[in-house]
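Chains here go by letter, A, B, C and D, matching the order in which they are written, and residues are numbered from 1 within each.
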């Protein structure tokens, strides 16, 4: 599958491991990415609180560039970016007047042919083409699939998965041999909006998520959003202080988990960049008996180097 | 031809039919319709390329009806006419004995409507290459040229209604042009009235015309009237998949519909 | 010289378009004065000869409008009408009659705004085409 | 020569502001055939009407044209005026110079000219109007009531008590509908079954009511006063005449674990079953999808044990045909599908149930004999949360309307819970409390103040299980949007009331319209709330929109009185705007040639065949004939008739032609 690619700022900064791991697994799963030339910031997460036209113009330019490059579908891994691009396309197609205005601002005519794909949708399509046999090292772990707020919302616009109880990531994880747990915080907010201003609230909100995941026996939290990752991984120490207990539960981008299943080295997948080390101590019995099937004979332990 | 005469003679002698509607020698080396009532007169019947008139037109004429139970020499257009008239409740099975004539002049035994339907079904109903070519010629004109072409043709119309008289489907005892409350179509043969008449006539034949061509042949000023009905026949088939004169059950384009008929021209 | 004002005759069904045009009125939506409406129970009732007569009477354009498919007050009248117009239009076109002067629309009882928009756009299009002299001239062909 | 009177209305300023009525009147007065033309401020007012009455008398008018508002507004008014002054009402028509002229154009001569045109057109038409007379149609004085819930039952009884025959058709094996499932009813808390069952018995025993349960309307044609209905009586696999309802078959049936529809899945039933103890009729049916015999071809235990030998495995559906004059549609509602609430874990957690299921738990005749016990382990819930507006008023769930009954039954549920489990804690999470109705607000206050139910204003975002508790996450908007988390033992969702399954199909069969939510549509939201736009078909109860019992009953009685009114005479009269086939002198007799294309085109099968014969009975020709009872006057036949042999009264070729020619 050949797609346009919009990394966005975070994947070239705080979330570079998302970018690196995606590019690392791409060949293995038959994904070919062409980066949008001269792309710019999508304006998240500030612009739409300040100036509507600006918040539409920034993503519109990105999409227009994609159109110019003849791209119809653009993979946007960062769910914040994805949300902004999807919303922008939706609003501009709804309102011809606005579309014209914005086109003037960006000095390019955005037609609406180019559209953003989120990482779950894209991988879902690829996995449907029956590539299970490629996963030579099943990711045999209890995982909590954490979608966050943005990938499935607002439902009217993104029209993807069940927004209150999404399943797409769970399906992907099953395919690579993981065992998604049934938990309650899949689409709970991690506090991203406050991750700089009110770290105490972030710790409180993210705390609940980590607490429940661990409580239900997850060995790892799988995410698809740089903000979620930052809050759950980087802030985990703060959470532990707040809660007064140790979790040290690794937080992986789904691309990293897939990479491991593909048998790629940790380094290639930039696992070393995480705050919480990505190691899987031998399982003791989880606090709650999880619904997942009994393990395949394979001994769980550290991920082989 | 002998087979035809023999068959006709049998029909009259057996009393199955009282009059044979067929072709005979006319003036100026033309074939004309004749109405044979005596077995010995069946010798007057002829059958060759000159015999192209749609004899079915006589089936509904009161004068011919008065001659008694008819048999008719029936080439394809006549056969289709009979089916269409049946569909329109003007003929019932058994009203007329059919002496079917195949395209290559052989006699075909067609005892009832069902047989006719099957036989018609086995024959090609497309326009002849010449007809098709003429139709395409006009379709390919610019709209202005078409307007000029037809208004010019219609300008010759005398409102003699020979086209109507020759058409087996113009069986209304009182034609709409004869109605004067209201006077739908002006009597005077001016361009506008003529156009209205021919448009109305064509619309009334849409989905019913079997393309026998008699209207054009009958026209004393040689207006190619059959083109109008041919065009509509084409539309009826391409839009609704219907062809007139192929079944004795009524399945008429303008009294039926499909919810998904095309409407790209409607706002 | 004043701009040419086309004469438009509209044949509408009583239940959808006539009511729709009533709504245009009650909502005070302004539209071109050129149109004269003739009310019939159903588009199924609209004989194609009426359209010819409208042109004979000097109309520069004609509108035929009724209920959307499925909404017909008489369940199917508009479907029959639609077939009639399919054939009538193609025949007119075949004889070189400019079908840009014959317009068909579905305007429901709720589409007051649409009615105004239909009338205005037809008026503008026909104004572009100018007076329907071709057809008026015909009335003199053969008499003079 | 016709003598037409033209009356131009100013409609106050509505017309006069942009059209010059005086000029219109003055112009009209010069139109040939017009003998009288006046303008007046309000034609529909008494003085205005008198102008017309006097003119008809003094000027001997043969036709009246009122140029004013839309005929859809006042045509009946003015036609009545004419009728009262001895002029046939169909000689009166209106020119619409308000909606179609003064309101849509600026003040100018052009606008006035248009008005003049519009009036002239109608004048030319009226010149050619013929007096018409209402058509009388016979009425079959039998009503069909579809649906045997409280609305259908009420309608049936009212019509039957008025002395008319009623056919009541119910889809389920017993009548009773949703009401019979309820425990107590608000605001009086009287037991639903106690007030319902007597009515059900009355229906069963009423001499004027024929009851078909386990039956559905298959097909309907005809028209007001003369409908023909086909009813499919589904095979019960039980001979109702022999069956005594002893119930042995149910005790013996090996299939005992089938979720009971009546118990809303809270209890189980057998494959051969009587839905509930007080069912009417009290005869079982065999559920073919679950019966071993129908599934595997062997068992027949019920047959072996039936003392009355009433089991009939070979019984087949039966089609019953009936003539009815009017129809009451009372098909009720359903509750929103369970898969609509992943965030509330419905279907995932046993102890998250719907309001209807709670009714069964609270009902003395229910699976727990009225004790509130949670489905998972049968324990008494110490803490219970009721979530109002589960789906309702929620565009995300595709339901933007208010289900109307939930606020009240939720208050009732909370109350019943507190009455049964005094120490228990009951919470209601709500958006707004809508308690409009006699004694309703007081009822809710009682739940809050006397029974101590905790009302929390705010939406619930999620329900999830944690260590055997249901965690209800919500917000309290009255405490400054404080997040709220309640550890509950049981959660009850006030799921939205939606149109009943099959409502759309039925609507199509009956040719009545329905809204975007598949609720059946009334003819007018305010003034004709129990009629549909199909004459002779009426609505009762929740099939039209969510309703509580008093409303449903009131509407049912309304529909019943409409039907009784319809049945009050032996025939009803309808507008004579219908098609007619012409007749003319011999030898033509009629210009109809009997091609019967009109017959195929007619949407109502109103075209019949008529034989014209000589005096000595010899057939001359077969021509079309319009059944004036069936014809609705669309005129499709007129347009397809080449010979113009068929014409439409009130919109005749002559009239319409004249209208065009007036432009």
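By definition in this document, a contact is a pair of C-beta atoms (placed from the backbone, for glycine too) under 8 Å apart; a residue touches a chain by one contact, two chains touch by 3 or more.
Predicted model only: the values in this text are computed from it and were never measured.
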Touching groups left behind when subunit D is ignored (all other chains fixed): A | B, C
item	value
Pair joined by the larger number of C-beta contacts - A-D, C-D	C-D
CA centroid of subunit A to CA centroid of subunit D, Å	50
Whole-Å gap between the CA centroids of subunit A and subunit B	74
Gap in Å, rounded to a whole number, between the CA centres of subunit D and subunit C	35
Computed distance of Cα centres, subunit C from subunit A, in Å	57
Multi-chain contact sites of subunit D, meaning residues that touch two or more partners	601, 640, 653, 657
Shared-contact residues (touching 2 or more other chains) in subunit B	176, 184, 254-256
Those chain pairs that satisfy the touch definition	A-D, B-C, B-D, C-D
Touching residues (chain side subunit D, partner subunit A) in the complex	341-343, 396, 462, 464-466, 471
Footprint of subunit D on subunit C - complex, ascending	7, 9, 14, 18-19, 21-26, 28-31, 33, 36-42, 44-48, 50, 53-54, 57-59, 72-77, 80-81, 84, 116
Residues of subunit B that touch subunit C when the two form their complex	138-139, 141, 143-151, 155, 176, 184, 188-196, 198-200, 202-203, 206-207, 228, 231-232, 235-236, 239-240, 253-259, 261-263, 265-267
In the complex, subunit D residues that touch subunit C	70-73, 96, 98-100, 103-106, 108, 110-111, 114, 117-118, 121, 511, 577, 601, 603-604, 632-636, 638-640, 648, 651, 653, 656-657, 659-661, 663
Subunit D-facing residues of subunit B, complex	88-90, 171-176, 179, 181-182, 184, 204, 250, 252, 254-256
